[in-house]
Amino acid sequence: MDLLTIDIAHVLAGALVLTSFMLLYQDRLSGLINIYTLHAVVLSLSVAWQAYYQDAPHLYVTAGIAVIFKAVIIPFSLRRIIERLRIHRTVEVVGGVGVTMLIGIFLTALSLVVMLPATASADPLAREDIAFALAIVLLGLLMMVTRRNAVSQIIGFMSLENGLILAAAGAHGMPLVVEISVAFSILIAFIVIGIFLFRIRERFDNVDLFELDRVRGGRS
Amino acid sequence: MPLYLALICVGALLAVSVYAIVQRRNPDISRNVYRLCIALCGVLFLAAVMPRGAHVVSTTLPLGLPWIGMHFRIDVLSAFFLAVVNLGGAAASAYAIGYGAHEKDPMRVLPFYPAFLAGMNVVVLADDAFAFLVAWEFMSLASWALVLTHHHEAENRRAGFVYLLMASFGGFALLMAFGVLGGVGGAYDFASIRESTKEAWKSGLILALAMVGMGSKAGLAPLHIWLPLAHPAAPSHVSALMSGVMTKVAVYGFIRVVFDLLGPPAFWWSVEPMTFGAASALIGVLFATIQSDLKKLLAYSTIENIGIIFIALGLALAFKANGLALPAALAFTAALFHVFNHSLFKSLLFFGAGAVLSGSGERSIERLGGLIHSMPKTAFLFLGGCVAISALPPLNGFVSEWLVFQAILLSPSLPQWTVKLLVPAIGVALALSAALGAGCYIRAYGVAFLGRPRSEAARVAQDPDRWSLGTMAALLALCLLAGLLPSLLIDTISPAAKDFVGGRMPAQAELAWLSIAPIAQSRSSYNGLLVFVFILFSAYSAKWVIHKFGSSRSRRAPAWDCGYIEKSPTTQYTASSFAQPIRRTLGVIAFSVRERLDMPAPGEMRAARLSVDIKDRIFDYLYAPLTRAVETCASGLNILGLLSIQEYLALVFGALVFLLVLVAI
Amino acid sequence: MTFLFDLMAQGVQMLLVLALAPLLIGFIRKMKARLLRRKGPPIIQPWRDLIRLLRKEVVLAENASWLYRSAPYLIFAMTWVAASLAPTFATGLMFSWSADLIAIIALLGSARFFLALAGMDIGTSFGGIGSSREAMFGSLAEPATIMIVFTVSYIAGTTQLSEIAAFMAANLELRASVGMALVGLLIVAIAENGRVPVDNPATHLELTMVHEAMVLEYSGRYLALIELASALKLLLYISLIACVFFPVGLATHDADLHTMAIGLGAYILKLAIGGGALALFETSTAKMRVFRVPDFLGAGLMLGLLATLLVFVTRNL
Amino acid sequence: MSSNLFMVSNALIGIPAAAAIAVALEPEYRRSAIINVCASGATFLFALVLLIVEPESSDYLFVDDLNIVFVVLSTFIGFTTSVYSASYIDHEIETGRLTPANVRFYHAMYQSLMGAMNLALLASNIGLMWVAVEVATLTTVLMVGIYRTPHALEAAWKYFILGSVGIALALFGTILIYMAAEPVLGQGYDAMVWKTLMQQASRFDPRMLNVAFVFLMLGYGTKVGLAPMHAWLPDAHAEGPTPISAVLSGLLLNVALYAVLRFKMLLTANAAAITPGPLMITLGLASLIMAAFMLYRRDDIKRLFAYSSIEHMGIIAFAFGMGGPLANFAGLLHMTMHSLTKSAIFFSVGHIAQAKGTQKIAEIRGLTQSQPALGWTLVAGVVAIIGLPPLGIFMSEFLVVSSTFARQPLLAIPLVFGLLLAFGALLLRLTGMAFGEPSRDAGEVKASMLPLYAHLSLVLLAGLYLPSHLVAWFQNVARLLG
């Protein structure tokens, strides 16, 4: 295989990680959604590249789903929601961006440390991919932990899920990737609809999960 | 043959409890159930005493752990305890035919009562760890339900809770003990446990666990706290069973594990049972002496007697470990003898307490008094029980205690100095508890039955029905019999001694005048029958002489009491005032007593009052901190139920990162 | 023939103790009087009192129960049996083996049990006081006694009084443990018989009384029996001390009349000495407060335990 | 793959799927309830057929001793629960807590849950299994939120978020497994099928397996309800309709556990990989003790028993972590017994809550007097769950504790400690609820006691006697688990 292919794959994967960092950094909801769109696009690109590289046509489907569903439908509906809920301008206080960034970097390092030795036998492209994927997953999780706003948590979750798709695509000739990505898309759809349907705003004045927890009011 | 008979009877007992549930509408269900129980216990008793073809009969049923099955077995020991259990069971059932009529909601007793009996029987018959523990816990469970019979009183609910909790604590201890005994392979049947070899530390561990497990059920200090709560809570015939019989089942378990399964003992094993036994004997009797609730008092005195039994067992261990077969047999026999005695008179006393309860509706002796006039029959029978349990000749209580003393007096033959010097100290404890016990029952009987009635209820109290009286009379007769002809009982016990401590006391039957001599007549001997005859003879001769030569006239007059006759019966000595000297002298050590006297100034017109509060130190220093610790931990951890989603996510995240780091390294 | 002889010997002992007990009391009273430079009643006086009491009509409290009426007989009988089973002038009498030392102590215990109950039967406060104190003293005195029994029987290797006496007679040697046991037994004896300084048999209506408080309501023959019983108890204790610690001159059951006579003489002598000592002691000490008594008895108990442990030290058993 | 097995397994998934559509189309809730019962019954019968067909494997579905245990158990409880839920739902409709439309939806979800779980159990393909578990999660989420009360929604939401994260982690683990297998087994299905995986596991890269197991343990462990991933469980149990609580405790947790066990087997097959035992033991003990302490402060009856489920899952995980024939046998037995008992408890709890009109423990008193049948069954259930004989859980606890103490005494101490704690807490609550002066009733309930009695009698039977072929079967599985 020529180095160029690998390099492009790297660049894309790296870009994905970078975007995750941007997500961590961004604190305005509308901004978040834009970055997520970018995230999705990059994902679909890298998946497509994998498809080409492994010449596994079904991955194109996954890529397609990624573009259409994640880069178009989801952001669109999310925007609708935050406008409905009139929170599109809210700036979320993210405790200590610097700290979060440091943790993020630590997590990336960790994922490399964990993955590279583990995948010594796998071919280089897969190795890099899986390592980056793990980084993205961890970053997504970190975002979910640091954000209190439902929408941003969902975005965190979706970025995490993008990481998974990346990993799945990176795993050579893995069957059912399409099915899995579809299943995941359904899941996410559910989440989005969830917020939408449960009309959290009506019930809890805002989507702040913190408030939402207070509903329990020490119920045990 | 006897084994199958016994198992069938156990099955029948369980069937009886089903029958009780099915027939719950039937008006005289209670009478029927108890009648059936008498019959079945009777058959079981026969099965215990009937001659067995082989020395040991055993069988296996395809129940329980599939690859082991349920093993059952009758040997001399289980036969003896089977007899004790079913004697007590039959007595309780007979008593309950009359007493059960007072039960408001009989359906809270009837289904569980036969199950309880069945459980106790199976424990004695079981021959593998699983069957033993199933029966053991089942016994606790059934008795728990019985303790909750009067579940409307909050303290009964608490009693039930504490009881079952302690029971399962003990259960877990036994579980672990059997785990070690069974080994990694899980050979849980007693036969292969006997074969297996145990290292020293293992047997030490098992001994400790057995002490905890069996002790918690027998009411050994400091695991006794549940006993004074639970025994009084149940209906009196059940209390009698729990105190008189169930504790003995625990003793059986201890003997089975320590004398049988654990193999040849080391001398230091004896220290544990002896010290804890002595502690229980003292604690039990001291607390009994200050109780004013009749049934609580009896429960505490059960703790004392269990202590005595464990002392004897400890002695037996010490002697056995040093290959002194004869003394070991003596101590072992003493233990079993006391088991038998206690099951008799403790049942008798609880029945008496039940009669008092149903006759007067009073449990606190402070509001009783003069019952000897209102319920003379009960008074007489109860007196018999008191004499017996106070270890006074010529009744049976004395014989077993005398045997224990004889065993203690053989301690010089022990080679190890620790034990040699420990034993006399144990002897002091034993003597002290015996003497205090007598004092305790003087107080109980004197306050409850003698003097003048302190309440209307006590004045109009009635003797119970024929069944109850008959049962009590029968038990008293047995006590007297065992006291006058101890040789018969000793000879029936000695085969068990032969099998479990490898020696037997010399056959007593052929001694002259039916007296007993544990070792040799030159060393010590006692003849209850002769003493009894002597006493009767001298008493009646004195009476005859006096009536012949002196006067036999007498007239009634108001009590003199140094010239001042006080009207109100409240000026009598109360139970608490009776206990005051002992409270003063020993109270400070044993239980943290606080007496507060509120004496009005001269001229003030209010009554002076003395309030005494007594705290169980063991509870304060052992159990209270435990509960507090659990409470604090529970409240501390409770946060985990109230976190926000992102905090929970943080937990997961943390776990993930931690594990990844672990993997990475 | 021997059987009859033995039976006779036993019978003689029973009657002997019965006859001697009141005389012992009388002797002690006489001694005390003499020590106080008084003349004092004749030694026979207690017998006279008893007989008078026996003649008198009994006055029963209204709510006296059957227990109250039968207790005196039981108490008397138990004490008498105990007293007549202990060796007095000869060891190994016919029925002496039917109750060993422990059993004898226990018999006294039963007597105390019924006495205490009888004290509570009428339901007067005095009776209660007496009984509760008796119970407490008993529960300290009995263990002390048992400890002393331990000591003695560890040494002699038996609890049969006759055997102990024989053993002691056989090898008389001075031992710390024995000395302590003796002191302990003296303490117990004083307490058990309600003598000064524990209790004062001479007085009524002293709030610290124990024994007298219990029998306050008794009269006539019942009182006589109880008095007799307590006399027997005192006698028993003295003869216990005598036969365990000073077993000189004791005859054996198969000895001839001559030795028996010597034994009898020795016994009466011992009683006299014991009584004299007691009188001396009582006149020279004052009664102590009731709540000092436990310490007194506790001392006895400790002495007993110490003696028991010393046995192991001094003598390699 | 033999056709009959194919037919059966498809039936196990197909019947529920079909039934789901059927009830979704059925407007009349009583009839839909009947369809629900019939479908579940049919599924159960087909599951029984599995007992006679010999183990088989294909790319998608397969059957071996291990998953037969789970399938039969879950279809049985699914059946009894559907019977119970019929009467429960009736009451809910009468009291107007649910509308017929809700019930339609509810039944559809119920059936699809059954189908999904059967698929998850029968899937021979780790990817397929993952998809099935995810579907199961989604359906339960929807059922938990069915009451639409703020609390219900909040519970559903929490369950949803935590569950999804768990699933995501599980997926990552699955991918890693594939990547570990792919070099050995080549690309394609072989690298995702249990059979081949198990055969070749020894040749996989151990480091990869380790990382994978971390993700799988945490991911599926979330669904098992192991601490610290347990948070969703109490709320989901407490706020959803009681039949769902029963299904959650009785089945879904088992399904997730099944997945964990499978991967554990995979790791044990590879000598070089870390032994999964210690991790499971740690998580198990953590859940046990945490839950035991949590039990003391509960004032909601369903939440109480939800925590007890966590506790028992902890015990089971501990047992499997210990491994060895005895402990594994005990683990399987305990799992079975717990499913039966806990669902029985939830059956009675549901009716009790309906009868008393509250889930507050403090307001439920003296049940044995006011509702004897429900009260005593609750007593029986709790007595069973705290591990007293002669009921089944005692046997498994006997084996776990004694074998553990024989092998590693130090591990047995915390185990027994946790068990005692839980014992005390549950007994305390039980005494308060079942005894004493009864509290007032809210209304009459037509309780359907049949499922309750069925479960309890099974538990009682198992406590005294286990049929020999069941034992042989368990022992066989225990051997599989190593």
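First chain written, first letter: the chains are A, B, C and D, and each begins at residue 1.
In the analysis below, a residue touches a chain if its C-beta (ideal position, glycine included) is under 8 Å from a C-beta of that chain, and two chains touch if they have at least 3 such contacts.
What you are looking at is a predicted structure, and each value in this text was computed from that prediction instead of being measured.
Undergrad: Find me the chain with the mean Cα position closest to the mean of all the protein Cα atoms on display.
TA: B
Undergrad: Determine which two chains are connected by the greatest number of contacting C-beta pairs.
TA: Answer by contact count: the chains B-C.
Undergrad: Which integer distance in Å separates the CA centroid of chain A from that of chain D?
TA: 31
Undergrad: How far is the middle of chain B from the middle of chain C, if each middle is the mean of its Cα atoms, in Å?
TA: Each chain's C-alpha centroid was found; their separation is 35 Å.
Undergrad: On a C-alpha centroid basis, what's the spacing between chain C and chain D, in Å?
TA: Once rounded, the distance between the two centres reads 78 Å.
Undergrad: Hey, how far is the Cα centre of chain B from the one of chain D, in Å?
TA: Centre separation, chain B to chain D: 44 Å.
Undergrad: Can you list the residues of chain D that touch 2 or more other chains?
TA: 157, 161, 165, 169, 207, 210-211, 297 - these are the residues of chain D that touch more than one other chain.
Undergrad: Of all residues in chain A, which are in touch with two or more distinct other chains?
TA: 114, 141, 144, 153, 212-213, 216, 220
Undergrad: Residues of chain C touching 2+ other chains?
TA: Within chain C, no residue contacts more than one other chain.
Undergrad: So that we know how the chains sit together, what is the shape of their touch graph: line, ring, star, complete or other?
TA: Topology of touching chains reads as other, fitting no named class.
Undergrad: Can you work out from the touch definition every pair of chains that touches here?
TA: Chain pairs that touch: A-B, A-D, B-C, B-D.
Undergrad: Note which residues of chain D are touching chain A in the complex, please.
TA: Its residues touching chain A are 125, 127-128, 130-131, 134-135, 138, 141, 145, 150-151, 153-154, 156-157, 160-161, 164-165, 167-169, 171-172, 175-176, 178-179, 182-183, 187-189, 191-192, 205, 207-208, 210-211, 235, 297-300, 303.
Undergrad: Can you list the chain A residues touching chain D in their complex?
TA: 114-115, 117-122, 126, 130, 133-134, 137, 141, 144, 153, 157, 160-161, 163-164, 167-168, 171-176, 179-180, 183-184, 186-187, 190-191, 194, 198, 203-204, 212-213, 215-216, 219-220
Undergrad: Applying the document's contact rule, which stretches of chain A touch chain B when the two form their complex?
TA: That would be residues 107, 110-111, 113-114, 138, 141-142, 144-148, 153, 209-210, 212-213, 216, 218, 220 of chain A.
Undergrad: Quick one: in the complex, what on chain B touches chain C?
TA: On the chain B side, the touching residues are 369-370, 372-373, 376, 379, 383, 387, 390-393, 398, 402, 405-406, 408-409, 412-413, 420-421, 424-425, 427-428, 431-432, 434-436, 438-439, 441-443, 445-447, 450-452, 513, 515, 521-527, 530-531, 534-540, 542-543, 546, 549-551, 553-562, 566, 569, 571-573, 577-582, 584-585.
Undergrad: Per the contact definition, I'd like the list of chain B residues that touch chain A in the complex.
TA: My answer: residues 638, 641-646, 649-650, 652-653, 656-657, 660-661, 663-664.
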